[in-house]
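Here the structure is laid out as structure tokens; the discussion comes afterwards.
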């Protein structure tokens, strides 16, 4: 039963277009239904809980409460690492601390019992059911494509809230990407910080962070980086031209992990807006598809 | 309810394991019952179950520590806690007992108002529907009433009570927590307790017994029931229980058969008030 | 003669002027025989504890000594007392105690001093309690054995009849209050609890020493001393010292045959090791041994042991069961 | 309660041999001064003091009782004073429940080096009890009669 | 009626100045039981004691009270004095009228009054004193040492040299422990093998020492002087009696498994000595590696062995022996840093090694014959990073304590690298450098002088990039980030207690703290003894320490054992608790309260009417009971009483105060 209530988050509709379209494509392919929570609101991302503790929990809790009202028996799925972190923290505190639950319920003006789990798409696609469903739909394996899976921070940390088994060397994305036929490389900067929101206000300090990540990926043979969070995606890809000018950082495309799966399932460029990438990605993809076909022929 | 208990007794006798079963029987007075020791099926007829079954049946098992066959006991909630008390004090062996638990409906005894365990905590067979239990708010009412007095008032209150005491030791002989082989009061040579009947000796007896059973008292109320002079003995042990509650965490005694009394334990982060 | 009800406290007040009067008074929820200090007297039922405390106190200081002063003094200062409101059963118990303390060769000095100074004003029973069975023990509720003055409750007051010289002096003090003309006679009264004790019941009981009924009769007993300490005719005592360095006192205090250490001998042997033997001994003493020696039952049927026994044992139930045994 | 002029209270102190008794000796060694009312009974460990002794002391006419031992954790017998702490927390409250004035029963931890603390505690307790006057509660009739003479 | 003598001492003027001793003696005459009282200037002096002895004879006294100074001073003296008389030394009470009376009061009247009270209390107690006799328990003159590291070896040698029999039990197939793995030892840099192997040989050749390797403690019973210990001698599958240790089997054995001794840096055959200089120098078969034992194939070594020592049907043997004393020397192991520090690669990178692995690399008899080579590609590393406090001083991830020796052996490693690899670069990341010993600081200075770079800060991440290990860290003194491209990283990991210490402590009845280090009787005053009589400890099992401290403690523990075993029997203090079994109900409240586990519940036969039945009663082991009296209060019936402080004695003392 692959049914989830869906919290899209702000970037899914805008900067993370590729992620959104490929995600919907894959869901269509494997028959997973996402029911968008009607009247969902901003999850507070990295700023709300800094300003006010209760507000930081109430904002996500409001959407969770609405989800609990509309679909009381569905877990909540969300794509962005920040939304995932905030929703999960709110659910965690409301479940375990009656005092916090009371304050949150008073603020949002409706009951919220935190009965359902909050999941990100790596958890969802990593389930047995989803993996077998995707396996059947793979038609164009991307043979030989070297991929570096990048998790960032909030998808994995803090372990107390996310429950990630291994916070230094997670492997959930690798298992999913290997379905698409691509080879995931072993590298050391999977969970290093990409600078997050500070890429806008403290660029000089955070610029080297992305440089080091990309260098380590390339040094370990990666042709592209795959992420599961629109913010990481944007930080790693958008300013590569500028880094190349300053540090001479090599340029490699950065995909959302659902894009590779969608391509491997046979999605056409414009169906998943592949051309919207800052760094041209079509060449290595085409090459990998061709290698995939030859392997089929043999 | 009475027939179910009788059937349980008959079944116990048929099983052949049980030597005798302790229950209640009527007396010539309508408002009194006396303990009944059923040895065979005919005795079971005499069994009664009404609101006057106030005697505790548990402590009689102490007199027969090496029975050939099992001792059957019909247990109300407080009797089951008495059996649990004596087992965890290693004075009774669980395998020597065949326990018929009966969910109590409250008896003609003031203690039943603050009873928190109408359902027996330990039994081989249970009769009646287990009820939801919670500790009654009135549990420490008596203690708080005394605590509100000034020290002198408190002393005078107790002085009057202990002037009444005739040292018949009924409270000791009925209390399941008082299960020593030889009571300190009977060891006249050691000199703990004088024989004279005066207020000071009675106070020594009252306080010593309260301290001895304080951390193991199961609040069955038998001591107050049996006292011919109606002394408020329970308020002494309940004072100890209230302090144990406040100082070392909520306690109710006689709920399990391996219970570690509070005074036999220590905890490094107990409250420190003697610095 | 008749003493009107409303004049009673005045009458007692008159007596209290010269001697100390002990009367049944309500204290702490029960009726006790206590020194009378005015106020009203409670005449329903009987005292929780028997009036024997007046003659045979719970704790009685007998002698005290001091090595430093080299002295030994006896404490036997018995003041004249008037015991009011004594029921026939308690009066009978006084007669039993007299026989034990005074008529067995050795006259107990302490008891006899108190007994001489005592005047007993008996009060008949018009409403015996549920546990009373004095009639079955050959006691007339309206006629006390050792009474100096016999009073009986009647309509509107109490009949007064002086029996002994002491009685006459007391009645003289009440002269002004008495209505001499009234011819009221107390009605006959019967106890609700009756056991018709057969002739030579004591012989039968004594032969039943080894009978199996003792097991089930005594099984429910808790072995406490409640019955002995509320019984008007129990007269066992223990003498002990209260030593303080080089001075001390010897005192006499109640003891009970139901206690384990009552018959424990040096070396630990105990002829009555368990409660079975002890309760048997108590029942036989009340219903057999004393009657066998002195012709009267030691049990006066006051019913206090039945009312106060924690395990609700009942001497009359035992008696009935004993009668059934051949 | 009028206090007779030159009445001196009698105070009993159970002191554990390894800590408080040593501290008391040290106070003597340093010639510290404290009132004469406190009489020390030496016990191997404060866990040897049976709370029934406290009742006995009041019965036999003491005006105040102290129980002193090592600080928890320093006990020569490792866990002795943990039990002492629990026993006397409960007995102190039971005595108060029965009318004994809380200041008449004091339990303090005094180590072998705290001679000054021993003196201060003893002085404070005896002054307190001197102010309170003789203890009428729990006393045996013998003492009440002796006082009457 | 007893005849008590009261002797009041003037103590020069110490007492007489503020206590009217004559009046005390006079008042004492009126106490019940007192037949004689007198005073003397110095009761504890020779003439004083003579006067007392003479009076005892003349007045036919049977108990005495001495009012003098504190009993903690002269109780022993007066008890010795009474040994010479007909009075039992314990029929004596001392009233402290000096430290707690004359010295602390000024008012003579009140002080005398108090002295009389104290005297009366002592007389009241002495009237109830019973004669007590010290009982003695035999001492088996054999010692058991658990653990064959340098601590166990040194303790065993010292005890054996004193002429006592020692059994040294070692879990591994050879003694030597961690020291045998080391190359050099700080601060003198003398070779570890050179100073430890001679001692190991001494152990094997010492007539008084029985060596039991591949053996573990199964169970411990009894008490000080009379421990009966069951030892499980695990199957060796090789008959050591006839084996000469030629090593033929070792060379021919086909299966190769990871060598634990070499910390996983090399392989070892299924049969063989733990290491070259192993003592006993005889091979042992590893049951979970040998193919013959696992699936019945092979058995080559049995065929080849000229003397036929191999026996595949060998089984564990349980041996029970009696011992007088036990020394725990179980040592330590290094913390499993893999799961705790994933940021250092969690064991993925081959070239991130622990201190002991480095010791094996730099050790001449190690897998690389002393050349420091990278385990990944056996090339000589040029830049080496040493990280200290991995797992130590880190309550969140590892242990909260400092492991004491790593600063010194870290500096030693730096020195060895600079010594063996010319032009090598050593960067040591540290929090603080601790050099707490003789010539330690000088050794550390020389190392820095030789060129070791010390960076104050922790390494936050190690990752591999084109063959190099990039260590990201910070230099908190210069407040700047540091990244070192290293060829090899040595982690100085924390020491943790040896596996199985909690079970062993449970068997011995000794305590371990929350980390698992054995709790000593007193950290400063009794560091090598434990709470249980007859059980001693030495070495790292008590807490992290270096070799000099370990050997010093081993000597101390040995001296304690020798002190105990020199006596044929041990006097137990007579002031122990005794149980009156007729009144004991077997409720067991006292058992839990005894800190020394001296009380056990046992069944005894009791006649109850015609039948004899089993009755549970408490029994006290005189050897273990230290006389604290806690059990006396636990017993409501009062049937367990501390001799010398019985309930009636203390009650009499309380009563006599207010007469």
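In order of appearance the chains are A, B, C, D and E, and numbering begins at 1 in each one.
Keep in mind that, in the parts below, a contact is a pair of C-beta atoms (placed from the backbone, for glycine too) under 8 Å apart; a residue touches a chain by one contact, two chains touch by 3 or more.
The structure presented is a predicted model; accordingly, all values stated were derived computationally and were not measured.
The chains that touch both subunit B and subunit E are C, D. Contact with subunit C and subunit D alike is made by B, E.
On a Cα centroid basis, the chain most remote from subunit E in this structure is C.
Two chain pairs, D-E and A-E, are compared here, and D-E has more C-beta pairs in contact (counted per touch definition above).
Comparing mean CA positions across the assembly, the chain most remote from subunit B is A. Centroids built from CA atoms put subunit E at 72 Å from subunit C.
Centroids of subunit A and subunit B (each the mean of its C-alpha atoms) stand 65 Å apart. Look at where the CA atoms of subunit A average out and do the same for subunit C: the two points lie 96 Å apart.
Mean C-alpha positions place subunit B and subunit D at a centre distance of 34 Å. Chain contacts: subunit B has residues 182, 192, 198, 263, 265 touching two or more partner chains. Touching of two or more other chains is recorded for residues 51, 56, 79, 83, 87, 140 of subunit D. For subunit C, residues touching at least two other chains, in rising order: 242, 244.
Chains touching one another, given as pairs, are A-E, B-C, B-D, B-E, C-D, C-E, D-E. Against subunit C, in their complex, subunit E makes its touches with residues 30-32, 120, 582, 655-656, 659.
Residue ranges on subunit C touching subunit B, taken from their complex, read 28-30, 48-49, 58-59, 130-131, 193, 216, 219-220, 222-226, 228-230, 238, 240, 242, 251, 253-256, 259-261, 274-275, 308, 310-314, 316-317.
In the complex of the two chains, the subunit C residues touching subunit E come out as 67-68, 244-246, 268.
In the complex of the two chains, the subunit D residues touching subunit B come out as 51-52, 55-56, 59, 71-72, 79, 82-83, 85-91, 93-102, 107-109, 137-141. Subunit E meets subunit B in the complex at residues 582-589, 592-593, 601, 608, 611, 613, 616, 634, 636-639, 647-648, 651-652.
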